């Protein structure tokens, strides 16, 4: 795929040199609302012609609520055509209304035409608590949405997915369906390993809801089973840099044994040498 | 006793051989010199192009180089252990053979390790062995063992030669002054006083005693390069003693060949006698029997249990379309035939013993090949490779040229050494001759080879 | 996986710089001419000491290292494992159809030519009556690695995060590790190695394992340079059937890119095993038996060249 990426870059360059017409692009936008933690936006840019990712375009992210529009930030697309904004602050919008439009815009340049994509979201708030009830670790969610009058109402029958973030991906723990009060709970496994600290981050997500889009919140619990800190110093072993002690001892004993005797022999030779002048005649008497 | 007189006459006899090169010898030297140069060219090719010029590939990662390594190192170990044992038992008849044994040790232990160098891809990083050594690696054991042994071998050769250097430095023969000076220096001031005799004897005894366990350890260490891997045919507990015996067996065979060659070429029939061949022949029988026993028990256990890969390997070895011929040659011509030829009195002669020795030396080379190559061609997972050079090993001209170069080096070094140091030790042989004269006088004319 | 290219290079450059910096006291580096400094907005993902992935501007990174140079030299020499991790792979034999995408991706990633395969897919048939199955084989990164044991110069080594890597700048090419490995995992550069697309090749490190160096040994490395950035190895993401699961055993989690599961649960539910357990090498790669196959074994012969088909003639 690296070739492909390079090829695209080359063809792009050729195109820009030869064809004067800027190319049309498509933008795909995914937004995840995270309440007080802001909004995550991810725009994927492909060219219209061959649906290949476009690298190096600056995407502006903005949000609108009612009459008010705020700029949230900008990011540049990478080799996969992805530009990402993490935790864009949209508190100003939340004060105005509870329904927003988020937009990713490419302003256009000599190679690519301008384009934009937007997502309509209604605000949803996930309250997430990690509590131990009767010695059972329980994840409790309380989901609130807002009606047209701007009043907070519980979100019932809502599907909330619970995850634990891992090194490469989110590990699913279970799903919660909220009751008429917007509440729901999930028994959390008590054998899930964590880092050395015992802390586990728990993430609750509403995914691809038709009104709310994606929403996410997280909490840190101490429910993790502590993992023994990996000793960065490896033990003495056949497979580690340091040999087992018995091996070192055996080696030294053998070496000292042999070389000591070699030394002894050389010493005897020196004694032989000292016992005469080299020019003395040989003595054949017994 | 009149050692002085005997030694003078011995030197007089040997001196023409030592002081000038005959045309025949020069041709001989030239012949091996050319073979050596071809090997050097092959080495150049290998260093420039990489190991791609050899027949070795990802599965068969080692080939005839490592076979030659085991072969030469084994010969080297023999001189020391056989020489050391005979010295300790004070077998009087050993004396004319000691020089050949000691020279064989040093020369082979110089040549052998060169072959392991040929197996190393990055010779430019060779010194890493000394600055980043890992004691857990059998290669490090081997590097240390070979170097330690080489020092022992050189000491052994030297201790046995000091008295001859003393004789040579004071000889009445004409020689260039520099040569006499070197002999004088090498004689370490030895003039055979009582104290000197005592010190030299002590040193030789210590060394002989030391060399025996050393040879056993270093030879085992060599076998453990293979024994420490999870490979069929290699991962065997008897590999240590198996290699020790194989080394000594091969080496004794080479000793016989050298005895025969020098006896013929240097007219040494009076000193390297039929009885020497017979005694060494007896040793060969004992070793062949021991080696045969090890071989049998090794293959029998693998065959009987027929664990998957062992069974596959055994089949490969015995199948006449694969390694069968080599296998039967190595084990019958190399073990059974020598026992019969030397063991049955009717057949026993210098010629048959030498023939047996030649046979077993060649057979033992193939035996090492059978240990290395078929095992590597039997990996635990199916190869599923269609590149023929990756599936089956066959040595290229580069490898054969370098094999030839090793043999050439052996020949050249031995020939050159024989020009500077008597191939039959003068002092010790004189001692033997005088002693036997006395015994003869005492027992009234019955020649009695001393075996004590 | 490709977006990583320049990042990866930067990352490694930074890694090397860090290494140098901590040794040389970082003063030299900071005094370098401007064009050598990476432009701003070039961020790299790094693992913080507690295992979190953080995105850092490369320029900031150097300053930070300078400050810490004396106390906590975070040198990425490739010999230190990623802290707190213990990588593990699970290969689901029931899903493999010999699509060979993993091999192609691996070769591309490591700039090695087609005929050299660090990752192989064998056709296995355990006995006459057994059904043949496709068997992808990576390096097993054994916990009792026979290859590491025999290395005379510490060129191949085991890290605290479980990976077995090779330092090709240390390797003397004795090939003893190849004899030691019972799985024929390692390959040797017999001649001058062919490096595909050398222009995009990152500078050498034991974590990138590329470019290949002549007369040294190489093998599958579990792409630690990707992993350090929180990205899955290329074979995992390239597989169209999600055969490879990769993760941290300390987190008890593995993922094949689309599905994330608990490692222990997966091994329990699908009777995971380690290949040739009896050898005692303790592989870090587990296999799920080829049951409930997603594809008939014959599917694996589709799209193969004649040469590739010929490899399996002994099994069919």
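Labels for the chains are A, B and C, by order of writing; each one numbers its residues from 1.
To be clear about the criterion, a contact is a pair of C-beta atoms (placed from the backbone, for glycine too) under 8 Å apart; a residue touches a chain by one contact, two chains touch by 3 or more.
No experiment lies behind these values; they were computed from the predicted model shown.
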Chain whose Cα centroid lies nearest the overall Cα centroid: C
Chains most often in contact, by C-beta pairs: B-C
Subunit A-subunit B separation of Cα centroids, rounded to whole Å: 62
Subunit A and subunit C, separation of their C-alpha mean positions in angstrom: 18
Where subunit B and subunit C are represented by their mean Cα positions, the distance between them in whole Å: 46
Touching two or more other chains - residues of subunit B: 134, 136
Where subunit C touches two or more other chains, by residue: 149, 154
Subunit A: positions in contact with at least two other chains: 238-239, 241
Complex interface listing, subunit C residues touching subunit A: 1-7, 41, 50-51, 53, 80-81, 83-86, 105, 108, 144-145, 148-149, 154, 157-158, 160-161, 197, 200, 230-232, 246-248, 250-253, 255, 257, 260-262
List of subunit B residues in touch with subunit C within their complex: 49-52, 56-59, 61-62, 119-122, 125-126, 128-129, 132-134, 136-140, 143, 225-226, 228-231, 376, 379-387
Sites on subunit A touched by subunit B in the complex: 238-239, 241, 243-244, 247-248, 251, 254-255, 258-259, 261-262, 264-266, 268-269, 271-278, 280-284, 286
Subunit A partner contacts - residues on subunit B that touch it in the complex: 1, 3-4, 134-136, 144, 148, 151-152, 155, 159, 162, 166-167, 170, 184-185, 187-193, 195-196, 199-200, 202-203, 206-207, 210, 214, 217
Of subunit C, residues touching subunit B in the complex: 115, 120, 122-124, 137, 146, 149-155, 170-176, 178-180, 182-184, 186-192, 214-216, 276, 279, 281, 307, 310-312, 314-315
